[in-house]
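One chain, subunit A, links the two complexes that follow: it is found with subunit B in the first and with subunit C in the second.
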Partner chain A sequence: MTEPLLTIDDLAVSYRARRERRTALEGLSLELGRGEVLALVGESGSGKSTTAQSIVGLLPEGGRIDRGSIALRLAGGPIDLARLEGRALEDIRGRRVALVPQDPGTSLNPVQTIGASVAAPLRIHRWGRPEAIRRRVVELLDRVGLDDPERRARQHPHELSGGMRQRALIAAAIALEPELIIADEPTSALDVTVQRRILDLLDDLRGELGSSVLLITHDLAVAAERADAIAVLRGGRLEEAGPTRAVLEQPASRYTATLLADAPALADESPRAPRPPAEPFVVVERLAHEYGRGADAHRAVDDVGFGIERGTTHALVGESGSGKTTIGRAVAGFHAPSAGGIRIGDRDVVAARRDRSLRRVVQLVSQNPFASLDPRRTVAQSIGEPLQNLGAPDGRRLDRRELASRVSAAIAHVALPPDAGDRLPRELSGGQRQRVAIARALIIEPAVVVLDEAVSALDVTVQAQILALLERLQGELGLTYLFITHDLAVVRRIADTVTVLRQGRAVETGTAEQVLLRPRHGYTRALLDAVPSPDWLRTSSAAGIDPTPLEVA
Partner chain B sequence: MPYALRRTAQAGLVVIATFVVAFLLLQALPGDAIVARYASPELGLTDAQLDELRTVYGTDRPVWEQLWASATGFLTGDLGTSLQSGAAVETLLAAALPSTLTLAALGFLAAVALAVAIAAVATFGRAEWLRRAFRSLPPLFVSIPVFWLGIVLLQVLSFQLGLIPVINASPAQALVLPVLTIAVPIAAPLAQVLIRAIDDTVAEPFIAVARARGAGTRWLLGREVARNAALPTLTIAGVLFGELVAGAVVTETVFARTGVGRLTQEAVANRDIPVLQAVVVISAIGFVLINLAVDLAAPAIDPRLRRAVHA
Partner chain C sequence: MSAVIGALPSPRVGRARPRPRATLVLAIGILAIALAWAFVPGLFTAHDPLAGVAAEALQPPSPAHPFGTDATGRDLLARVVFGAGNSLAGAALAVLVGLIAGTAIGVLAGSSGGFVEEALMRVVDVLLAIPGLLLALSVIVLLGFGVTNAAIAVGITSIAVFARLARSQVVRVRRTDYVEAAFGSGGTFLAVLRRHVLPNSLGAVVALAALQFGSAILQISTLGFLGYGAPPPIPEWGLLIAESRDYVATAWWLTTLPGLVVAAVVLAANRIAAAIRESSA
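Entry: the complex of A and B
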């Protein structure tokens, strides 16, 4: 057996936190074979990014490798990256070890052209003369599948889409044909259909260059589909490692089994069964919305309509730019649509949107629980705010005692610890913060809740918990949800009915069962196909799919 | 380019508004310049004679008429007559302006150089204590009063160390201390903004990406950070031009230099309204021009603004 390219042995990393040092990695050992893909899987705080940063010597300030080694076996003999510093380290970075970063939106210098960014590793490592570098940049941009590479090289990052930016970053990473490519959540910020193409590109390039790839991801489905081997991290320790199929089919640790069960894309479950049709409670008719005016006008939403029955969940699914958030905000009464109507029960939302009493009927929970809570208010203050503004659900003003008792009831309702009320948002985890946001939306006892990507920023196990909480509350309170998401796997878990959006238009509307199992529209099928899942898993779960022939719309 | 046109028109409006507001405010000052200049008992002028003087200087006419006369005068290059010296204001300004422009330009350049040096050491300095020390310089510099700094520099460098002669100094030597005095209070906020901008830029993911490509400190600072940090700094630099004008008044008085600052100080003391009006308008024009240049330069630095400009 040939020696692996990368061997991490007993690696321990800690960060300085106030007075003591906090351990981020505790005795991690890993191997990555030549030409192989090793997926490093784990939730936030598991140490997967710390591992990547340790390899390229880019630990954030206060971070330190306490012990262990990171052996990279190059032609000239092995190098211990854990001991490398200064010039010697800079010489390895970009040339032998390259990084494909997480967020293509912020990983390119906004004031540099794409060409300059891709040329940077070539120029830093003095690859050749300026004209040669220029030719090489165009060649690289062409190789990663950017059309008109000459022009792309002259453009700036803001002129490119997220997928195109990630292609440019990959071009820069492979410029010097590195032995090791570290891909740190390379597709987390991208739409599913784009994610698929970027992962395909990485696969192709790995085959061509014979590089090894360390794929860091929170998405087990991506790991399952793309990696030869998987290492599961938890709290800075290796939970288990092994060939992908072995780990996923017979997980040795209970934690891996939980992760697998919670990963919506891998879950083997059917969508909610359709209910007998009833009068819709929320009605959206011929909704249209334009941003800008005149020649610059952009039609974000175009003639979209759907109905939601009381006590059910309707999912709005689409990629970025599909108009799903615009619709959600219009339903919540935050802005008036350019055309069309929205009714909740017998209330006209468009006409009543400035009416504060509308807030008793419909509430919004947004994606980012870090940004949607006031950092200076305690949890109890945030949750109680709607009651202070609007009074009790029946309109009465509440005295202090009653307010406090309602707030603590709400805290209990969303299964937060009883003492959470006195804490500040920063003292809570992401999942806990989202529970606070949900409690704040529900304390006013609305009939409808618009959930805008409300679980997208959360780890899978937390995501599963929040989805279960939302289902429970729906059952208990008879809530109607408008659930906005890009993630079809989440739709399968929670939705009764679905509208698939593309560039502002509804391409398909129907029950979850029909849309997910018997999609009529080609775009819905493309979205479903793009959900990562390994072939061997797909065939095993396909047995449960109704083999009704497809109707082409 | 409609953006450039729009900004230029706005700049023109600001100058006009400044002219009118300055004129009205100076008119609203209690008492009038004729009384201040000629009503002292030694001159022994009668009220009738004072009225005659008012007619000569035109101060007896309605305010709007005076404003109109003054405005048309400005457009034709006639800035009025100094009440104090009787000389044409444009002649006084022409004599004072070159010296002040030299002082301001050199002071500003020195301030930029000082700010860049402070910011570079404060953010990329080798040792942590060094970075900390340089980080605390701007707050210190901001809190130093200009006149005090001028006097201390004069005392230490000229009188005690004898590095720069006070008497018979060459024009270049005579500039050193005033330039330093005017530069320090401008360099401080500039450095502060620059440090902040560099900190923000360094925290951006693309810097980590550049490091992962093997970039060293010099590449990072020169190629990745500089241009990103330049924009907020440039904007604040335009605003700080106002400081230069105020700094010139004090500096020229402390160092007994001729110049617009000195002229202003004397005009204020003597309530020489035509001179004040001219100084205010000239300063406003300078301020507006510099900020116009900053605004027009911004899209050249940050390509994202080019799109916003066209939209």
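Entry: the complex of A and C
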């Protein structure tokens, strides 16, 4: 057994926060072997990114390594990255340790060509003459699978898709064949099918260069599929670490077990069983929507139709640009479609779009729990607003006392702490804010709720709690949900019926069981295949205990 | 948390920053003194700002006359102290005119959109196209001379700036998810405007008001200097400097000391404006 490439020993990092120092990492110890992939898993605030930043010496202002060591064992002997400064650190960064950043949308300089961005590490480390660098850049772009690399090198970031940009960033990271590649949520901003290809590329490159990869991810399924070893972080401490399979099959800590149970992609559950067909309550017919006019017109939604029965959940699934949000917003009455009809019960949503009483019937919960609450209004004010505007569900105007009592009932209903009412949104966590948004949507007792990626921005445990909450409320209040998501694993958890969208067209509609277990369309199958899941999980269930949709997919 | 790694290239750790609070305290102190001069000038000087003692004309600063005396033997400090009332009241009125009219135009334009917005903002463009001083002088010619009219004229020149800022803030807030959510909660246009759009967009406008207060003092002083403001012998800061310009070579204190007072008050107002902007951002 050779020595590991990277050994982190008792690392502690803290940030300056107003007066005191807040601990971000407390006594973290990790090992990463040569040529291995170590996945660093944890929820937001667990210290994953701080670990990565400490290794490359890029802690944000106010951050400080309090103690511990980060030993990188190179050919010339080990180096302690925690003590390295200035030139010595710059010499390591990019050459020995490279970073693949999280968001390909913002990590490339928009006024530089792709070629210039990829050439940057080569130039900084004086790799060769300009002519040689140019050739190397084209070679690298070709290696990461960009078509027509000569032309790509001359293009600017806005001319490339998200997946292509991430490939360019990977090309820059591997330019100097570093011993260690740190990939910080490399695919979180990408669609699942693109995510799979990017992860495949990282795997290939690792095999070719013999580099080690530190893969930072919030997605246990990605870690399970790609990593040799997993380290679970929680609140800046190491919960547990070990070989992937051991950690996932026999988690030593209860926290890991919770994470596993909450990760929808790893859960061994079947889709909801189909119900006997009934009259649909929400009907969307031949819906079409165009953005722009004339020659610039872009057809975002093209002839989509589906029905939702009362008290059930219909999922709209698709990747970015599939038109799912456009449909959801049209159903909630936020904009008029170019063509087609939407009915809820006997109401024509398109015609009654500007009618305030429509708000009693359908409510929208939007994707971003951080943006959908007014930062200056307290939780109670936000939740009570629909009642103030529209009166009680039966149309009566409410006096102050009744308003307050209904708001506190709503706060209790979504399982927020009772004193949450007086707080401002910034004092709440992401999951709590989304609970507030749900409480605000439900206080008027609508029949239909459109949930636009309502759990996508949340950590898995919080996501599981919100999904459970939505299921409970559906049972109690008989709500009908239109659930918009890119995540098929979530669909399996919550949906009765599914429509799969691709570039504005419905490629497949059916019950969750049929679409997820027996997909008819190639695109649905591709989406299902792209959901990350480790081979051994697939084979173990294929061995015949409990058939999962993943196995069929 | 994990989003910051690409955005924060600074590898430096724990950089010490200067204390910004000290300058803010100083600015508030300067403005407080100027306001005290305006309200109770008698507490700060024993001299009469209007009556001079001919024997004491053009004396340099001394313990008896800290700012010296002018050509007719009036105590300069007394004139500066008594002038604060005119200058600050004029600046306040000017800011109020600009703030109220400009914000009303901007909020109306930003919240209604369409033709109304286009029409209002083109009027604002026209206002912006005319040099401020020329516009102020034209307004004074229409309204007549005097402290109040000079202040109104200065206020009118700042309407365009307020209108543009208010409109941009309203447009920004209107596009946020929470405003959409408020409409989704059944809010009427006016209710959403009152509850969400105005509170979230007026912070920057208030900061601009503090900034404009400083520049209004300057503009009113300019008008006073040109002879369009307060008529002599009323003490007003711009007029004080204007009256003394014949003595620049022989009696430096007559222009320099009131000039320094104006500069200090304007800078203090700017510093406070910066603090308001920071805290509302």
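The definition used in the following text is that the second predicted complex is superposed on the first by the 540 of 553 C-alpha atoms of A that agree within 3 Å, B and C clash if a C-alpha of one lies under 4 Å from a C-alpha of the other, contacts with A are read in each partner's own complex, and residues count from 1 in each chain.
Operating definition for what follows: contacts are C-beta pairs under 8 Å (C-beta built on N, C-alpha and C of every residue); 3 or more make two chains touch, one makes a residue touch a chain.
What you see is a predicted model, and the numbers here were worked out from it, not measured in a lab.
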State whether A:L58 touches subunit B only (first), subunit C only (second), both chains, or neither.
-> both
May I ask you to decide whether A:Q102 touches subunit B, subunit C, both, or neither, giving the answer as first, second, both or neither?
-> both
Identify the partner contact of A:E476: answer first if only subunit B is touched, second if only subunit C is, both if each is, neither if none is.
-> neither
Quick one: subunit B or subunit C, who's touching more of subunit A?
-> C
Does the superposition put A:Q363 against subunit B (first), subunit C (second), both, or neither?
-> second
Can A:D147 be said to touch subunit B (first), subunit C (second), both, or neither?
-> neither
Touching partner for A:H158 - first (subunit B), second (subunit C), both, neither | first
Footprint intersection on subunit A (subunit B / subunit C) at 58, 99, 101-103, 106-107
Please give the residue numbers of subunit A that touch subunit C in the complex, ascending.
-> 16, 44-45, 48-50, 52-53, 57-65, 89, 99, 101-103, 106-107, 184-185, 216, 218, 332, 334, 356, 359-360, 363-364, 366, 368, 371-377, 385-386, 388-390, 437, 440, 444
Please give the residue numbers of subunit C that touch subunit A in the complex, ascending.
-> 1-15, 176-182, 184-188, 191, 195-196, 199-200
Subunit B residues touching subunit A - in the complex, by the definition given at the top = 204-206, 208-216, 219, 223-224, 227-228, 301-304, 307, 311
Which residues of subunit A touch subunit B in their complex?
-> 56, 58, 87, 90-95, 97-99, 101-103, 106-112, 120-121, 124-125, 156, 158-159, 169, 172, 296
